[in-house]
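What follows is a pair of complexes built around subunit A, which joins subunit B in one and subunit C in the other.
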Partner chain A sequence: MLFTFINSLTLGMAVFLVAAGLTLIFGIMRILNFAHGAFFMLGAYLTSTLIGDMPGSIWVLIGASMLSGLVVGVLGLVVQHFVLSKLEDVDEHFMLIATYAVMLLCVGAIKMTWGLEFHSVDPPPGLDLGVVIFGTFVPSFSLFIIGAGVAVFLVLDHVIHCSWSGKLAVAIARDGWMSNLMGVNGPLGVRMVVGASFALAGLAGGLLLPNQTLSPALGDTFLLMAFITIVIGGLGNIRGAFIAAIILAVIDGLNILFLPGFPGVLIYVGMVTCLLLWPNGILGESRL
Partner chain B sequence: MLDRRHFMLGTTAVLGTAAAPKFLRAQSEPIRIGLITTLSGPGQIYGQYIQDGCELAVDLINARGGVNGQPIELIVRDDRNSPDGALVAFRELAGDGVKLFAQGTFTANVLATLPLLEQNDVTMMVVGTSSLAITHQNYTRNMFRLGYSSPMCFGGYGHLMAERFPEISNWAMVRSDVQSLKDITDAFEAGMRAKAAADGREVNMQEPILVPYNGADFRNQISQVTNSGAEGLFNCLQGADAITYYKQARSFQMDKQFKLMCDSANELTVAKALGNKMLDSLWSWTGWYPQAAENNPTSDALLAAYIEKRDDPYPNWFVGVAHDCIATLAEAIGSTGSTAAADLIPAIEAQSFQGATGTVAFRTEDHSFAGDLTYIRFGKSESSETGWEVFESVQMAGVDFLEPATPGRELQ
Partner chain C sequence: MSSSLAERDSRRKPALTRPGINNTLIALATLTLLAMPFLTNSGLLYLVGTTLVLGVYSVGWNLLFSWAGLASFGSGGLFAIGAYVSAAAIRAGYDQFFLLIVLAGAGAGALVAMLVGLVALRRTTGIFFAILTLSLSELLRHTLMHTRSLGSEDGLSNITRPVLSLGVVEIDLTSGPTYYWFICVSAAVILGLCWWLTHGPFGRRLLAVRHDIERAGFIGIDVHRSRLAALVISGAVAGCAGAIYAPWAQIVTPELSGMVRSTQPILFTLLGGLQSFWGPMIGAFVFMVIEYATRTLVGIQEIITGAILLAVILAFRAGIAGSWNALIDRLTERRADK
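And now, the complex of A and B:
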């Protein structure tokens, strides 16, 4: 039971790492970014280029992931400048099509740069085996992913709700016109949040790299689950996304324990149930 | 200024060319073969292998002077990984007069074009696709499937494992909840049970453990497998899922817990991805393993050409199979001197030749591939630069494991 829960929590936190940036960009710009999975994948490929087949230590993995996140964040600013900012006043359907086009461009660029073959990057030494907790064997890398998910949530939650920059971002997201009147540089704030959203995608790609197989389809693996997470949690709500990721983890665990013949089915049942109970998500739709 | 003499000379040359016998002009006209495969979206990697194999076959044949003096021209179209895309590509090429086709990767896309073959009077080689429907309920005589049906390929696999490892009587299986993978585990189980029964033994084949398709985390299912008490494992996951599964299983030291591990069909893709973190020992089926093909100059030539093109000494099996599809058409055209389906179909039914994958022959009744089966065992190696090596390979006659022919009817 403990083993199942920890493994499911691993999946939940992995999904939260991807969903965090997705919900952040929705909070500030009200767009569902279809390109998020592609930039998550780009972060993974960049990290693999930096560290090779195996990172020398856990700090090398984290450092390379942060660097990749930075690069992806800068690319996000480019996307914001040339695509997203041009579509601020148009119908949201155009945004979906635009981000889908960006996704195709990004995936195409990855295929041209790194090819179509599968690649694998190992966990750093110390995270490649497992530990025993209360008599239960737990893979070390699972604990790393859970720790990374919790750490990213705590940092984001603190920045958004406790720091001045976070409060300014919330103000811009909720009433850009009024915050402009108050002397806040709205467009700069939007750019910063969009950059952070893309950077989070890149960071997640790097951190999860040793857990997955690197291929041009990697983004698809997580994108659907990330969308489910932010819908259950409440679009644009970081705390909601974190809670939803844990709920998904519990549902996945129950699925494995009680319905092993139908893997993944209960997650969709859970999503429908949550939406019936809380149509705007568990914590409600939010502007950060 | 054009004088009368030059006018007469020019006119004579033009009329002479137009009036020349058709066969004289045909010598320089290329034989056009349309290739419809997946070159975008999921499955692109396999479409790329197929394109490579077909292009190399065309290059090698043309380098030898073509077929009866005519070069082959390959016209490649992307099916966009959809039946609609395959139909659009087929109609375009057929409308342009192309009478020879090769098509793969996915069954659904192939099934979309099959009903059109006869009315367009074309001959098609299906590359690699394993679905039973193609040679059974959806059979059409204008199609030849150079691919391995599940009963042949994985029934043979189960037979081989039961024959070589009679001491292993308790098996676990892993697959996604996908029909084509169910066909594979069913065929493996049937082959193993049949051989064990013939030897007077019983084997316990546990219910397959299901994992999500294109999943992110398989650790719960890995734990189920390692706690199953089985001695043998048959892993039926494909592509990235399989590699992620083996990666995540490493912390469980799964390869130390099973006496025998079998992968369905990922062959060296797993080893190339895992490198020096490869499992100790793993069996896999493959459609083409050139290093095991002794006294096969076709295979040697294709491997050399592939290495020159891709700088990779371990090509995917689709390359060999795709090559043999083009070679099959070339052989038939060479022997009949015709590209018409009415001439080619009986020629292909009757012919047997050495392709890159071994003997290339088709069962007359349903045009199923009746060639060789190859299985390899590979694993971690300290002495190899790649971190892994192939330890052994086994070849068997596929015709011994072909399911009964029921063209036009579903196999019961």
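And now, the complex of A and C:
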């Protein structure tokens, strides 16, 4: 039972890693970014090219993930410059479909570069075994993902709520016009946050790479789960996303224990219930 | 615009007008579609028939989007419901009542849409409505994937095309071309109904709600009920299209409820033209041509589709239908000025 919940918590934190960037870009630009899953996948493919099938150590994995995060972040700036910034004043549905188009472009590029076949990457030495906690065998790679999720959450939360640049970003998100009047460079701030959001997608792709089967359909699975997470938690709300990821993990664990014939069904039921009880998410919608 | 055109028409009577040209085009397209079985091989005929069904389904989605202003990302679920109803009924041996089965598919789609609408529409709009519908259709897909009596992940296959019995006459739809003509006729009936609904008082009411929900309420329109009605109608069209699709494809799988199917009408509508009745149909056929032309190129298909979509959104937001109409207007105006 503990094993089940650790597994589900690993899934929850993995989803949070993807959802963090998604909620960030929603907070600053009010965009539901369909392309996020594709860029997450791009991060995974880039990392796999960098480290090969057998990563040398944990640090190689983390370093390669950060590097591909950086590359994806720069690509995000390109997308922001040529697509997103041109659509700020039109109906929100156009933005939704524009990100869908960017997703298609990204998936197409991945299929052309890396082909359709499945890849898999082993966890680095030190993470390929397991530890025994309270008499239960726990894969150490699960602990690594849970740790990574918590670390990313703490860093983001600190940056957004305690640092100067984070507060500026919040100001831009809440009232861009007013903060421009106060001498804040709004467009630059938006660019930084969008870049950070895409970079998070790339980083998440790299960190979650081991133990995944890497195929061009990887992005969709995570994207939908991440959507659900940020909707339950409250769009644009990083703390909400973290709590929602844990709730999803618990629901998924219950699903495996009590409804093993229908894997993945309870999550959708839980999400619909949450959305009807709290239409704006558990912690409410927030602008960062 | 249209009134000034009409005035000019009455004064100068130019030979060509926009409605005239467009009606001619629609008539030509209809004739071409009807003659398709004589013009192509069976593989292409299958593609055209599928596109026709998907086009009808997208017109139903667009009724919800362009008229009521609601973007549903879960219409694939309603399509799948119709398809599974039809598939299960035909496999159970009720295929001589196929017309009733199609109606049942439409009814099932409408019923589910109404249940969703009753709960969801009062509480959610915009992005929340999009995500809610998206996850409901995913829920359906996962349930279908794990329900053994509906074939689990393999779906229901070997669906025979029915022999219709209408009391006095029996119509054999088992061959490809006859079922294709059946699709044409039912598409015409559904599109006619949709046209009648959108171009009458009901359509006007929906447009008012989409433009300004508060003012629409002030002038006495029941906003909630109008939206619900639009959702139910679009659900009925999706279910009906699904029910017709099942014997045509002869197999139904849980993937019908997936994200790809749900986003198809969005892409078709956008490419073909928003706020245009025929837009989704045009978009469906243009997409068919693109996909057919790029079918062997791995990856390039997505890139081309994505690039076209981006170009439409960034440069031609009115889509093919809108740009075409603007072009014709300019040409006829110049002719009239001379």
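Simple rule for what comes next: the second predicted complex is superposed on the first by the 288 of 288 C-alpha atoms of A that agree within 3 Å, B and C clash if a C-alpha of one lies under 4 Å from a C-alpha of the other, contacts with A are read in each partner's own complex, and residues count from 1 in each chain.
As a convention for this text, a residue touches a chain if its C-beta (ideal position, glycine included) is under 8 Å from a C-beta of that chain, and two chains touch if they have at least 3 such contacts.
Please read these numbers as outputs of a predicted model, since none were measured by experiment.
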State whether subunit B and subunit C clash or fit side by side on subunit A once the two structures are superposed. clash
Would you check which partner chain A:139 touches, where first means subunit B only, second means subunit C only, and both and neither mean what they say? first
First (subunit B), second (subunit C), both or neither: which does A:100 touch? second
Contacts for A:116 in the overlay, against subunit B (first) and subunit C (second): which applies, first, second, both or neither? both
First (subunit B), second (subunit C), both or neither: which does A:1 touch? neither
With the two structures laid over each other on chain A, which partner does A:220 touch: subunit B (first), subunit C (second), both, or neither? both
Should A:162 be classified as contacting the first partner (subunit B), the second (subunit C), both, or neither? neither
Identify the partner contact of A:235: answer first if only subunit B is touched, second if only subunit C is, both if each is, neither if none is. second
With both complexes overlaid on chain A, does A:15 touch subunit B (first), subunit C (second), both or neither? first
When the complexes are fitted on the C-alpha atoms of A, one of 19-27, 109-117 or 145-153 in subunit C overlaps subunit B. Which is it? 145-153
Footprint intersection on subunit A (subunit B / subunit C) at 111, 116, 220, 261-264
Interfacial residue positions of subunit A with respect to subunit B in the complex: 3-4, 7-8, 10-11, 14-15, 53, 111, 116-120, 122, 128-130, 137, 139-142, 210-213, 215-218, 220-222, 225, 253, 256, 260-264
List the residues on subunit A that touch subunit C in their complex, please. 32, 83, 86-87, 90, 92-94, 96-98, 100-105, 107-113, 115-116, 220, 224, 227-228, 231, 235, 261-265, 268-269, 271-272, 275-276, 279
Under the definition above, what is the set of subunit C residues touching subunit A in their complex? 65, 71, 119-120, 123-124, 126-128, 130-132, 134-136, 138-139, 142-143, 146, 259, 263, 266-267, 270, 298-307, 309-310, 313-314, 317
Which residues of subunit B touch subunit A in their complex? 42, 44-45, 48, 176-177, 209-212, 214-217, 219-221, 223-224, 239-241, 243-244, 247-248, 250-253, 269, 272-277
